[in-house]
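Shared chain: subunit A. Partners: subunit B in the first complex, subunit C in the second.
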Partner chain A sequence: MTEKTLQDILFKELKKLAPECDPPRVAPNENIRDALDIDSYSFLQLLVAINEQTGIDIPEADYAKVSTIGGMLSYLYARLS
Partner chain B sequence: MGEFRMPSLGADMETGTLVEWLVAPGTLVRRGDIIATVETQKGLFEIEIFEEGILGEPLIQAGQEVPVGTVLALIHAANGSAVKKDAVSDQPKSAPERFICSPSARRLAREMGVDLATIHGTGPKGAIQRIDIEHAAQTRIPPAVESAKHARTEPASHETLRQGMRQAIAAAMSRSNSEIPHYYLEMEIDMSRSLQWLEVENQKRTIRERLLPAVLLLKAVAKALRDIPEFNGYWLDNQLQIKTEIHIGFAVALRQGGLITPAIHAVDSLSLTALMKAMSDLIERTRSGRLRSSEMTDATVTVTNLGDQGVRTVFGVIYPPQVALIAFGRITERPWAEGGMLGIRRCVTATLAADHRATDGHRGSQFLEVLNKHLQQPESL
Partner chain C sequence: MQFPPIKKNVETMPVQPNLLDYEHTCATFSWDEVRRSFDGLPESGGLNIAHEAVDRHADGPRREHIAIRCLSKDNKIVEFTYGDLKEGSNRFANLLNKLTVTKGERVFWLAGRLPALYPMFFGTLKNCNVFCPLFAAFGPEPIFQRLERGDARVLVTTERQYNKKVAPHLPQLPALKHVLLIDKEEDLNEQVLSLPRLLETSSSLFTIPPTDPEDMAILHFTSGTTGMPKGAVHVHNAVLTHAVTGKYVLDLHPEDIFWCTADPGWVTGTSYGIIAPLLHGITCIVDEADFDAERWYRILQDQRVTVWYTAPTAIRMLMRTPPEQRQRYDLSALRLIHSVGEPLNPEAVLWGKHVLGLPIHDNWWQTETGGIMIANYAALEIRPGSMGRALPGIEAAIVTRTSAHSVRVEEPDIKGDLALRVGWPSMFRAYLHDEERYRKCFIGEWYLTGDLASRDKDGYYWFFGRADDIIKTAGHMVGPFEVESSLMEHKAVAEAGVIGKPDPVIGEVVKAFVVLKPGIKESEDLRLELIGFGRTRLGSAVAPRELEFVGNLPKTRSGKIMRRLLKAQELGLPIGDISTLEESES
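For the complex of A and B:
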């Protein structure tokens, strides 16, 4: 799985949660939940969807590392390779 | 013989539009069966029936908007005496063609002017999904006039729904503020123990089974209401009617604006795992427009959790005829002095908005005290 594939999965799932937003336009260092107005329930659904498509389990202790798009992508990529 | 009437799905509802009959006349229906869908200012709802019998011919057809209380169909005794045999055997011919299709997809089809009969469903058992409707709407041969008409009507219907919901909220909240003498109490609650317990618990669970802090808050509220029941009930006929069931109306914000507070039933009797499941199910169905009528009508108290935003303290407006609303702000690290020592704890501010006709501040403060006590014993929740 490439970095591009990961990014596509993330953007596709974010678009499902926030259909009126354009995830690629969110700055990589911006907080995902604040930028897209995603509540804790929806954020958990995002992690479940990512887990189902990549097999990567993000433990609760690592939530701070995946709070931005940039952080999320590098976290996921590091666990793929 | 009974009557199946247009239900009132909240103090703010005056009329409802019967969108579809889900059960054919002549069918034996039982308490709790979903037999029709109704659209109100707050969206589309699945309507349950609360008696047993044979559903009579519809008195109101799909598409008709009628006032609350209008008889939609008669319910005949199940022994069949009131039902003609030929009416029952005729029924399959007259019954509308059925498609497996969720109410939200059905609504989308209506809004986009797509005929369900022309769609090939790609969901389980050929169910028609929203994506099939969108696909059909995009790929149909566009007679210029037709598509222009639909292009105009689609945003209008969303806008109408949004305005309708705004008006419904406005009516209920105006009534609340003019009728209910609110009083407010707040308490800062140390959540450290609860959250530590939750972190350990979540390590044992798969990502799908993880619990959110909101589940602990809801369960603690339910237990506190069992201890101090005066905040769980209705103010009706100038007196407090305490309810034994604890059905918590849980405020769910909608992305398009507005909110709905459907009820999670019997919260005090649910395990944390079951409560998480019930809450997830309710949020999903609220956002996809598949709530049931009972969930809209039988909340005995409301909980709002604005902790996902930055706010610290929420002063709620009670949803009549309920007598209390419990609100939580964001869980944050705060300085905490205890036993002569200053430390940092993760805390939440809990507020109680209560009806002063039903209870007094003394009892209210006991309620918050008990709530705090339950949140300090997460393993017993």
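For the complex of A and C:
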């Protein structure tokens, strides 16, 4: 799985939760929940969906590392490779 | 499954609970006595929440005690002592006075849990204005409806919230004279002003004008099944309930560090996130950020929180995390945990005992009741799954309507309407501009809560469900009508029916069933567009998370959408006699 594929999965799942938003336009260092108006429950759904599609489990202890688009992509990519 | 009661041993508790003998306290309780325990305003002898919660302590030995400790998202700390809060609220009261905001006029807050709230809240009450909070995750529509229905005179908010949600509706709000931006150093124009700039030149000396205990103090909007949100009016006298529940339910003691996780956009966030703990002169933790398991455990540990008031949604999200995670934190300061917002399932009560080391005390109340009415208490046994027993001074009952003007009080173990005998201090005094809806809540001497419950022979109450179609999602009330109306503004939508779909974590998920206009085809793109449409207008707290297209909606012969039937269909339950209904897709 390439970095591009990961990014596509993330953007697609974000679009499902906040269809009115344009995830690629969110700055990589902006907090995902704040930028897309996503609550903690929806954020959890996002992580479940990512897990289903990539096999990567993100434990609660690492949530701070995946709070931004940039952080999330680096985190996922590191675990793929 | 029946869960055994959780017994308590008062001897081993680190602090002796304030309420030890429930029966005796109930038998000897007097609201008059509670009233006499307050200072009253020094000159007029009236009763003002701000004096009792702030000035009384600021003028005494608690002046330098921390009242509020705000934690920002980036972990910065802003603290207010009682002395700071007195001066800050005086400045805000003077500012309102200068803007010629007169007694009874409404001052709204739309900004989440930021430090500026606390001086603003008490300053509003000091100037005898009415505080009305708006949940920061509301979209432009719910915000506009509430500002308009609440006759907003002043709105305090952030630049981002203002630009995104308020500015487009400003021309339709002629009564809104001033918007005060808390994060702007310069005025935008004559109407939209910089709050910091105004506060700079505002005096820190203020004398609270005479305040009648029955003067309106707080306006809380709550959702209805039909029609738009209702503004529940609360008065300064509500402070009696806040004091008593702070003492007997939350069990506050002078050195407590108290954390109420509720947002001030909802009634718990004001009654217990601000007023009750400050009445008791203690330190209150406020976290700007939303739920995050690691962060919350860290706050409980680092802030040495002793009493914690949270909600079932948060507890159930914590339950999803591995117990080892909790083990990494020292929660030894914590002595009492409470929960409110929706019924706490017995498994969650027991999880608290096993994982946090303390059982969780569920309690029950509503926006309309102004304060906790039924609770599990520190010294009393918990019956997991029960909301507990009535507060001393409160008469609760299970009733059945026998006519439009009378009810029958039921015996134990009979399911019926949960009702409260009218006259408690924090009872709502009106639905603003809606006398008829207010009157409909009462039959004789009873306020009918709209909740279905039963009472066991020992006085513990057990919740069954709502008597209406109100949706409870993540602890927030959502009115289906409000959501349906908004969806129907989309050009593709002919009709919409909205229900609460049961969810193990957030209680209910808002789900919409949509009938499209003739000639419009269903598609995934359109489904997402409609979800986005709802979120843009209503905000994430209210908008449907799920949306399904249907051919038509089940209706009564008079054309009313049968949401209960929609829900039964969704859950695959028997739908009963549908002979009065039009044909519907099953």
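In the analysis below, the second predicted complex is superposed on the first by the 81 of 81 C-alpha atoms of A that agree within 3 Å, B and C clash if a C-alpha of one lies under 4 Å from a C-alpha of the other, contacts with A are read in each partner's own complex, and residues count from 1 in each chain.
The rule we apply is simple: contacts are C-beta pairs under 8 Å (C-beta built on N, C-alpha and C of every residue); 3 or more make two chains touch, one makes a residue touch a chain.
Bear in mind the structure is a predicted one, so any value in this text is a computation, not a measurement.
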item: Touching partner for A:33 - first (subunit B), second (subunit C), both, neither; value: both
item: Contacts of A:47 with subunit B and subunit C, given as first, second, both or neither; value: first
item: Partner chain in contact with A:57 - subunit B first, subunit C second, else both or neither; value: first
item: Partner chain in contact with A:2 - subunit B first, subunit C second, else both or neither; value: neither
item: Contacts of A:20 with subunit B and subunit C, given as first, second, both or neither; value: both
item: Subunit B/subunit C common contact set on subunit A; value: 18-20, 33, 37, 39-41, 44, 59-61
item: Residues of subunit B touching subunit A in the complex; value: 199, 202-203, 206-208, 210, 212-214, 253, 255, 279-280, 283, 307-308
item: Residues of subunit A touching subunit B in the complex; value: 18-20, 33, 37, 39-41, 44, 47-48, 51, 57-61
item: Subunit A to subunit C touching residues, read off their complex; value: 15-16, 18-21, 31, 33, 37-42, 44, 59-61, 63-64
item: Residues of subunit C that touch subunit A when the two form their complex; value: 73, 137, 290-295, 313, 317, 320-322, 325, 474, 505-506, 528-529, 531-533, 535-536, 539-541, 545
